[in-house]
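Each of the next two complexes has chain A plus one more chain, namely chain B in the first and chain C in the second.
So, the complex of A and B:
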């Protein structure tokens, strides 16, 4: 039986307060325990470990822990619980291959994921409910029979909302910006002393909102507002927009500071884990996660500042072996424990997708739906 | 407490478009179809207005049943 308490202890601690030497041993012990749980409860995972000559009963480091590539979650549904304990299934946006990743959650994992997600978001945007302007359609925030990964991401952020407005319209399965409504919402927001939250998928935010507002010469003064965005960058390649340009264009359009534009990174295979950019523009691992960067050819860990494929380790999922996932994203570790924002932890940047990776991410898929 | 319960039930009835008689201690998103993330936000705003309180995000996510809501209001509303 897994010791749920050991996971609860770690996810109840301050999100970014421990230095590496204090965090590493605590996290490793819980990860080792969770690894043994998955080994015992998930036969395909056990076979994978056996095949790689990995024995979870022996001491191992983060670097030695086997990783599952995200593609594996497309092929089979891995579970470490009996199927009658399944509470929710999360599917990623269908990719260009048409095969989404699927992960199965029991109630405990689902609650744990929400808690971790909420704690990271509150740490970044503050423990205060604000008005949300969601750059999506109205049905994305209401109750619907089917919940897409995109809707699920939007809804998971609403716990920080005091009011919610949307400004996209769906007509014949195509999305269109309700420009007049957006302008009215932004004008109203200028008089909101609390500062609103504007949330959208990266491609929509830039290509259909910021760019359009800039072209029409519309600028707003929204000090205290937060611009949150999430999703793939691949669709933005044709606009030649870098993260820096997106930030500066947002600042110019909405009258906010660089630190108020927050780019969230996360992936379905470890849902609940979210990595916002901090005020200094890098992402931090919380106390309940670690990142390892691997050489794309040898898959061996590389040194800090060297680019490679990102692997994430976290013990929060006990219903499926998503505790060590090799993504298709390229990035690098920037530093450890010395970010000027004051948060501890490993800081990293995501710089792109590996060459053979398909277009994916809710934001990328959403771009295809636009008129 | 009875007064608080009555007012909370009325708020839930208004937001979720149900009868107050349908509300009991165990009422939760699992028992009320209309209780989704958006109507939860609306309910919190109505509670804030009605009881002149501020509910922060951390508190808001823990208000998962009618009983939890009433208990929170009881603990946080200043009488007078």
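So, the complex of A and C:
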């Protein structure tokens, strides 16, 4: 049986306060325990470990822990719980292959994911409830029978919203910006900018909101407001917009501070794990997660600052063996324990995907829906 | 309307994707070809033979710029003996490109092969090397040539032409010859540009997958255009029972490893599946283990190129699935992957030195899997079985049977074509 308490202990600790060497040992112990659980409860995972000569009963390091490619979850549903314990299934946006990733959650995993997600968000944007201006359609925040991955992402953030407004309109399955409504919402927000969060998928935020506001010469004064965005960057390639340009254009348009433009990174296969950019523009691994960067040819871990494929390890998923996954994203470890924002732990940057990668992510799909 | 495209190479010079007029391009390359067609075919062969020596030199900068791109293969192919054999086999006598050559069969008749005019080569992104080989045959047959590159291609072809242009043979300067060639690229969605290029072509050599070939085939053409299609094909290896029980497995694995390693399996002739005629699992395992060693030992001479992130994803996914539900042998890194399952099917082609090992009771049953999409089959079988299988598989559309270890050697006919035959127009006359 898995020691649930050991996981709870780690997710109840301060999110970013432990230095790398202190965090590593605590996290590794829990990850080892969770790995043994998946080995015992998920037969295909056991076969994979056995084939690779990996024995979870023996001591192992993060680097030695086998990883599953995120694409595997599109092809097969792996479970480490009896199917009658399934509480919820999360599907990804399925843009790369047309086939979504499917991960099965039990109540415990779902609860842990929400908790981890909320704690990271609160750590980054604060604990006050704010008015959310969501750059999406009204149904994405309302009660609907079906919940898409995109809607699910939006709703998960609304736990810290005092009020929610949307400014996209759906007509014949195409999305259109309700420009006048957006202007009104932003003007109203100037009265209390610190109480406002503007949230949207990256492509929509830039291509259909920021760019349009800039072209029309509309600028706002919203110091203290937060701009949160999430989703793929690939669709923005034609706009030649870098993360730095997106931040500076947001600052110019909305009158916000650099540090208040926050880019969230996460993926379905480790739902609940969210990595926002900090005030210094890098991402931190919380106490319950670690990142390893692997060389695309040798698959060996690379040195800090060297680019490679990102692998994430976390013990919070106990309903499926998603505790060590290799993503399709390229990035690098920036530093350890020395970020000027004050948060400890490993910092990393995501630099996208290789040129061969296809469009993926909720934000990218949403771009396709736009008029 | 004056339509334009972007030239990588034009008028004998690198053009840095400068915009050029399509009508000017056709006019220029044709004008030059009309002059250089007076070159004796042996001088053109001399140029390529000299070029072969140049690029065989390991210090040639192209080796550094384009490692593992098949330069040695191109060099080997451009040797005089090979080119003479290519033209003599395809045209009967290469000198028919220079003059009327008396028929050996019909008294008082003579034949000359005239160039068709302008040959447009639509290249595929997978193996630019093969595109060079179709260009070479366009030049040998004294045509003007235009290469349409896929938008993401590298500049290797331009690099090759720059090296050719430096060659002088007797009073013939290859700098003139290369002026009859243009390398262009533009977005394939610009239909009016593609239409204009296609309409001006006298022959179209089309490389690519079914979709890209269909797209080019759908473009408007001259009424009498010659189309030569090299669409995506797959290849495999079959090993007969009698041989399997007596052969030196490690030697056999060494040859297969070569076929798997060349071009990262991106050539149509690269095998993706090996069928073993056996029920004995130990033989399959023995071959897998031997292949593992052989592919690893080849890495020194054929270093693995770094796969894209998407390719890594596909391979890791397969490895994980096969570890969970079938069997797999692979390197610690992305150097190679051997997969074994109980399916009765071809591939699918994965690339990056990935091969499926599958047992079958009878090799004859493979006939059910053969379609005209199968280009090459490496056969390891006793004589009697070899005769039977080549007949069975050949009837179903296979274009080549080869020995293992030489599957990716380019030869004529290729994909069923003697290409030079399709790039010339024949004229006959009576002997005066």
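Following the convention adopted for this analysis, the second predicted complex is superposed on the first by the 364 of 371 C-alpha atoms of A that agree within 3 Å, B and C clash if a C-alpha of one lies under 4 Å from a C-alpha of the other, contacts with A are read in each partner's own complex, and residues count from 1 in each chain.
Simple rule for what comes next: a contact is a pair of C-beta atoms (placed from the backbone, for glycine too) under 8 Å apart; a residue touches a chain by one contact, two chains touch by 3 or more.
Keep in mind it's a predicted model, so treat the numbers as computed, not measured.
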Which superposed partner A:159 touches (first chain B, second chain C, both, neither): first
First (chain B), second (chain C), both or neither touched by A:127: first
Touching partner for A:48 - first (chain B), second (chain C), both, neither: second
Partner chain in contact with A:300 - chain B first, chain C second, else both or neither: second
Most chain A residues touched (candidates chain B, chain C): C
Partner chain in contact with A:118 - chain B first, chain C second, else both or neither: first
Which superposed partner A:326 touches (first chain B, second chain C, both, neither): second
Partner chain(s) touched by A:141 [first = chain B, second = chain C, both, neither]: first
First (chain B), second (chain C), both or neither touched by A:75: second
Overlap of chain C and chain B interfaces on chain A (superposed complexes): none
Touching residues (chain side chain C, partner chain A) in the complex: 152, 304, 306-314, 316-317, 320-321, 323-325, 328, 332-335
Chain B residues within the chain A interface of the complex: 33-34, 36-41, 44-45, 48, 55-58, 60-61
Contacting residues of chain A [partner chain C, same complex]: 44-45, 47-48, 51-52, 68-72, 75-76, 295-300, 309, 326, 328-330, 353-358
Residue ranges of chain A in contact with chain B within the complex: 114, 118, 121-122, 127-129, 141-143, 155-156, 158-164
